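Below is one structure. I have some questions about it.
All chains are identified by letter, namely A, B, C, D, E and F, in their written order; residue positions are counted from 1 within each chain.
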Amino acid sequence: MFFHVQKLINEIVPDEPDPAAANALQEGLGGQFGEMRTMMQYLFQSFNFRGKAKPYLDVIQGVGIEEISHVELIATTINRLVDGSPRYQGKEMGEGRNSTPLKVALDRNGQGHGNIHHFLVAAQGAMPVDAAGNPWSGSYVYNSGNLSLDLLYNLMLESTGRLQKCRLYEMTANKTARSTISYLIVRDHAHENVFAKALESLGVNWNKLLPIPNFDATQFPEVKQLMDKGLHNQQYHWRLDGSEMAKIITGQSPSTTSEHNGGTLQVPKQAPEGVPFTPGDVRPEEFAPGLSHDIEAMAEQVMQAAKHVR
Amino acid sequence: MFFHVQKLINEIVPDEPDPAAANALQEGLGGQFGEMRTMMQYLFQSFNFRGKAKPYLDVIQGVGIEEISHVELIATTINRLVDGSPRYQGKEMGEGRNSTPLKVALDRNGQGHGNIHHFLVAAQGAMPVDAAGNPWSGSYVYNSGNLSLDLLYNLMLESTGRLQKCRLYEMTANKTARSTISYLIVRDHAHENVFAKALESLGVNWNKLLPIPNFDATQFPEVKQLMDKGLHNQQYHWRLDGSEMAKIITGQSPSTTSEHNGGTLQVPKQAPEGVPFTPGDVRPEEFAPGLSHDIEAMAEQVMQAAKHVR
Amino acid sequence: MFFHVQKLINEIVPDEPDPAAANALQEGLGGQFGEMRTMMQYLFQSFNFRGKAKPYLDVIQGVGIEEISHVELIATTINRLVDGSPRYQGKEMGEGRNSTPLKVALDRNGQGHGNIHHFLVAAQGAMPVDAAGNPWSGSYVYNSGNLSLDLLYNLMLESTGRLQKCRLYEMTANKTARSTISYLIVRDHAHENVFAKALESLGVNWNKLLPIPNFDATQFPEVKQLMDKGLHNQQYHWRLDGSEMAKIITGQSPSTTSEHNGGTLQVPKQAPEGVPFTPGDVRPEEFAPGLSHDIEAMAEQVMQAAKHVR
Amino acid sequence: MFFHVQKLINEIVPDEPDPAAANALQEGLGGQFGEMRTMMQYLFQSFNFRGKAKPYLDVIQGVGIEEISHVELIATTINRLVDGSPRYQGKEMGEGRNSTPLKVALDRNGQGHGNIHHFLVAAQGAMPVDAAGNPWSGSYVYNSGNLSLDLLYNLMLESTGRLQKCRLYEMTANKTARSTISYLIVRDHAHENVFAKALESLGVNWNKLLPIPNFDATQFPEVKQLMDKGLHNQQYHWRLDGSEMAKIITGQSPSTTSEHNGGTLQVPKQAPEGVPFTPGDVRPEEFAPGLSHDIEAMAEQVMQAAKHVR
Amino acid sequence: MFFHVQKLINEIVPDEPDPAAANALQEGLGGQFGEMRTMMQYLFQSFNFRGKAKPYLDVIQGVGIEEISHVELIATTINRLVDGSPRYQGKEMGEGRNSTPLKVALDRNGQGHGNIHHFLVAAQGAMPVDAAGNPWSGSYVYNSGNLSLDLLYNLMLESTGRLQKCRLYEMTANKTARSTISYLIVRDHAHENVFAKALESLGVNWNKLLPIPNFDATQFPEVKQLMDKGLHNQQYHWRLDGSEMAKIITGQSPSTTSEHNGGTLQVPKQAPEGVPFTPGDVRPEEFAPGLSHDIEAMAEQVMQAAKHVR
Amino acid sequence: MFFHVQKLINEIVPDEPDPAAANALQEGLGGQFGEMRTMMQYLFQSFNFRGKAKPYLDVIQGVGIEEISHVELIATTINRLVDGSPRYQGKEMGEGRNSTPLKVALDRNGQGHGNIHHFLVAAQGAMPVDAAGNPWSGSYVYNSGNLSLDLLYNLMLESTGRLQKCRLYEMTANKTARSTISYLIVRDHAHENVFAKALESLGVNWNKLLPIPNFDATQFPEVKQLMDKGLHNQQYHWRLDGSEMAKIITGQSPSTTSEHNGGTLQVPKQAPEGVPFTPGDVRPEEFAPGLSHDIEAMAEQVMQAAKHVR
């Protein structure tokens, strides 16, 4: 059973809208190696888990629960970045017959590469697709049932995620984008550590290879800030009823190739506090949410009435 | 941010394995109108929510959180139903050269229609596909940004879910399958009520049409038991930090076409207690989890060592 | 602009329900070389037609219009063939708790190979998918803009259609299925003739190869009946405003490899008369159409009232 | 059985070529909520219709027939808009070795966002894909067999179509694009009215919600012209053999939220007159239609010969 | 540049036709972890290879070339196994009107689970699809450009291939199927060794985990025969111009978990000799190859004439 | 069995990087009518070949083997063309916090239309997708089993390939792109000749239509150079054990519509010599190949050690 707190797992730094960066981030949300995939893969692996090695179940499922919050974080980030209407950015919009408040969806000159569906289908919100517009597919989910193989795949999956996010970092200087990208680079690093540690307990020694890509991400300043706090060596369990994850996730980090990568793995006792979530602003040119004044009034009335009753 | 308790939202009644029923239930998991879709659709609608009508956000997101637990429930049910090896069902298995412990995957005579991937790819576990084997697709998710349209689609989606589950009920008498099917029929009914009530607050009057399909599901005895408890008129919010859902979900049920459908909508104060989750048994013929004795011993040692440290 | 008469282009002979044959026929409806594809391919080729060779436009579009009626015919045929409920076939159905009127959807023993979606999703109706369950795809449509290539592809497409329908004929002796299969074998032959004739006017001589497959289909008795009437040498234009098709479709048939294949191509002056269309019976176990008695009465009242007004 | 008149259902106003607008319009043709989908969905619902409520069959099928003409209209509009060659637009094209008459397909600077397939695959014609390049899929078609659900889905489908077309209107000021967009906004409105009226006869009261999006489209001047003629309150039946559609589509419009939305629904006695269709010009750089002079002469000869014979 | 010898890389043992086994083998051909995927993945990785570590290029490409011959082997095996016509199996086939020589395609009773497309589309030949009928997809190919990650993925890919083939072995006792399955189990083992060895050279120690699944495949007698010859420790380079593969593929096998798995890796100097390839028999009921007697004679004549000229 | 020489089948002329041209060329690699498709289609047709007409087998398979080398050539060409990093093109790259060496992936202004996956997923390498980003699909492969139909489809396929490559030629003046495009235009012409000749032996006379498109490609100067050498009239067999291809591919070319198209078909005795293949340069900003200095040293050591042993 799953529960929710209406908070984000990390802060999203404000910056200018940037639909091209938003589109690039879609790879991290709905791409073959994005957060929807890690979330679904780990949840299916835990629902289908076989045998008594419960700490391994708790490791895979624990990371899986965290990934739902990553989906929430990156979807909200994309949401903040897709914002094409000049009406809301302090610029004039022509009136009358030729007014085209959504012209930005067609005119790529000032914006770089994007996905027209962000404006035409999704009301300037996030979508379950990748950066090239391919919808997320259930065929991405890998769940062989063989514990060693599943852990090996998960390690490769997190490594590819970290690789692509390092590339994303190099594509944009937008602070909104980079705050979420940096956070996910560090968390993917943590998950590499987690799955590598579990594989170590089964007989593999990762002494020279990790993390993958073997790149000292502290060269990215936002990443350094988070690694200085040790975020790449912690894995909270996200369980309200306790977890046996710490039986495996303990001791020396398997990533030892640089000064910043070493350290000791930890399962913190407290969940992170989270950051308040605020819904996006209305977008009249998208007819979102599109309530007429009458209906808004009526809805308000219903809510007021409900208040009195309670 | 999301949290988890390692329990199921409803009990799964034990019965004989039944791969054909398992495959039919895949429609309710990974089908176009199944639980993965409702879960993802409502989560995207809440992450992309616009404007100040927060109770509507809480309604959509609250149902969305519940759907993750439905994915967990139906995946586990499928898991229990796909069990083809005679070795674990008290029957003899031939030894020697021609031993074919997974023959059931090819021989459909005694089993009806199934999906060979359950045995060849998924180690007798659930998969993110529908009953015809199509992988779940991100293109299923509907999120127009227009609140009225999104609620209308959600109502139609829940109605189609209930329709297909009523058909599933009529396809199998297996108790494992029916316990989960019946539970989901009632919860889909509850969600029809929830979205219809929200639409009522925006001006639509559903006086004669609901529930869809307009069928008195108390004719199904397992469903009657649950409706007698009023489960179709309750909607818990699944939030650890409270919810404004009850501002809308209150008063007369919009389903009034039969004696059993009426009543008053409620947002209970307590989450359901849940039912313990036990991982499936090992399946050597699937090499799942496939730990060798040496490695099992070694893993055990690591876990013991970890215990001492702590 | 398109118009309709609520009649079928050919008669569907009654016979027993046969879900396996119905599923096989789906290839002819929604398969890569089925009627939805020919219809869409020829309509796109005619909407995108370039230049002044109007008779070629009229040929391609004329066949395209006919294909819509083929989609109608084969969808209705599938509809007649998928009928799994014993309740409507004069057999007893168990009552009480374990009643499973849709059990046929899971139990393939007596029925051969089928698609569970016919019962679970489509209310025992036709679907836009092929015989292996793949949904029809826009990527099937070929429209290069080069007239020679488009005609060459169309000839190959019709030949593959005829090949697959000859195989379908050999898969089932069901009269309902065979009446439509036979009709389509002959019409695909006619369309081979049409496109080959158009290619002849551009310089290709088909002297030994046609029809493809090079098989004397009069060996199939239902086909012989239709070919004896010359149906493989006629191509009506389906236009209410006349057509220039006959400028090309005239003279010696390009299929000359057997006694039955020769003859002269004709564009008849009159459209075929058509066969009355009757909607299918209600299927309560599918909740189709699923109107409650109250609502049926109310709907009836509305219709009566409307009558009086008029 | 289907028939055709080689005319368009509405006039396409001439303007400059605009490949970016053409690409955006592809959503209205091959998108998940575009005209190919409404056409196929309503045709399948009518071929699979069950029971005796024939006026409902005539309503669904009548709208479905109209949608084929919408596919024809929007495909032709896209065709007019994709026109990248300077050779045909009065501008100079470089000669010699580096001549690149299709350079526009790669150089997006002056053109905004487009689809390279328009130039590389489709000879500057329309394609069965959406604005992000996804091919149309049979999985879009919804046909549950339950009449209430099918009507509810159809209403939601038309509302989403109208929502997306209102957004398209705001993306471009090109007159060719806007003439077709505006016409389809009004027809989608009419279809919302039609399906809502049918649902009213089954017990739903839409008093405050319609049309969706709840936006007074007379703010778009081209739309106002059409609504002033009442086009949003008329639904012709497109049947050569008469129709019972008018039993349901009569009386007060269900859209009452603004002065322009009210009025009385009508089923006109005459089909619209239509607008002549002219095939596009040849495009030598696309090798379309690509007939050599010899072959053109020969084809001409054949046609002349045919004339004499007749 | 690629070259070919018209021989198979391993012998296919004759046995009875078995369409159900053929369909299961499709997973090994066109499945997500089948031979088309390994072939394409390694070829793309070698075409896109970066840097000077040429022995690694030669390793990846060398295995890739071998995989084309595996595609040839498994396609031919499927071809031998799909053979449904009684006409060619010494049984009687009814004559006259109701003759249905392809009835086997619909009647699953005696045959188990299959794919109707084998008979309807592919003329009883192999297809580029998996065992559930999904077409092979380019999205399967993984090529991150990061050498460590690519090798890690390749190891996981071969392990999953070997896992699925072990399951296939347990599904059927058909000798034709088992001869190819057993050969591929051993070659996948060899490829696990190859990629693990390359990873060892980069710092990972596989001491306890390999092979995956960690199962002593000598329990399968056909596999034991091949492993006794050391086939799991050899990797030929398939290059006519020599290869640097042996710089890496040398020394102790990384698989050390059982007596049979150890040994020394070798790059043999000679390619295997191969086994003659014979085309399948004609299938008149599939119209394959479908040459008429006239055309066969004419074709023969052409070939004879050609002989004389030469 | 397949073999390889690490050489390219034709020379790639060096020029500036051009990601937009690279993306356009993807159609020729992974598009519906690209080289992956011809390769797979002809290989499947040869693996599934039926009957004794061995020269036809040798024709189809011989062309199929050549297509693998075309896949290699075009993949390498795309590889050369996708090169976005200023670091490697003699331009400065900003240092410090806002350094964005992969910015080119988002900023389309100076580059025209491209695919972000080239930079984000594929490390600036080729991918198995088309120019609109659709992954290659097994559903493209056509193999009806009917020899006439397969040859007819193959001819149409090569013609469409040549048509699209002629359009590609007109889209870019980049010499790297044009060298490969021109080569493939001529080889597609040769393959048109090959399949048309085979059809001629079965009874079809192509006197006026070929080549398709009927365009004298010597107007493209790079193409003229290759046709002057007669490359469009030669078909090597790529077999190490000889071939019967020449029995059919001999005599007058079926393309006779212009002075350059005529001539005599030949099967050369020697394979082309090929052009050396050099792996691409490292791309640190893509972490490709991403070996750390330590690991590079270690790998080097292993290779040196290996050398000594040998």
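Worth pointing out:
Rule of thumb we're sticking to: contacts are C-beta pairs under 8 Å (C-beta built on N, C-alpha and C of every residue); 3 or more make two chains touch, one makes a residue touch a chain.
In this text, all values refer to a predicted model and were calculated from it rather than measured experimentally.
For the pair chain C and chain D, chains touching both partners: B, F. Between chain D and chain F, two chains of identical sequence, the interface residue sets overlap only in part, with shared numbers making up under half of the total.
Chain A and chain F, compared by their mean Cα positions, are separated by 38 Å. The distance from the centre of chain A to the centre of chain B, with each centre set as the mean of the Cα atoms, comes to 24 Å. Averaging C-alpha coordinates per chain places the centre of chain A 48 Å away from that of chain C. Residues of chain E found to touch two or more other chains are 32, 108-109, 121, 133-135, 137, 139, 144, 146, 148-149, 163, 202-203, 208-209, 212-214, 286-287, 290-291, 295, 298. Interfaces, counted as pairs of touching chains, are A-B, A-D, A-E, A-F, B-C, B-D, B-E, C-D, C-E, C-F, D-F, E-F.
Those residues of chain E that touch chain B in the shared complex are 20-21, 23-24, 27, 31-32, 108-109, 112-113, 131-134, 163-164, 166-168, 170-173, 208-209, 212-215, 221, 257. The touching residues of chain D, when paired with chain C in their complex, are 1-9, 30, 36, 40, 43-44, 47-57, 61, 65, 68-69, 71-72, 75-76, 79, 121-129, 135-139, 141, 143-149, 201-203, 238-241, 246-248, 250-251, 271-272, 274, 279-283, 286-291, 295-296, 298-299, 302-303, 306-307, 309-310. Those residues of chain D whose C-beta lies close enough to touch chain B in the complex are 32, 134, 137, 139, 144, 146, 148-149, 152-153, 155-156, 159-160, 163, 199, 202-209, 212-214. Listing the residues of chain E that touch chain C in their complex gives 97-103, 105-109, 114-117, 119-121, 133, 135, 285-287, 290-292, 294-295, 298.
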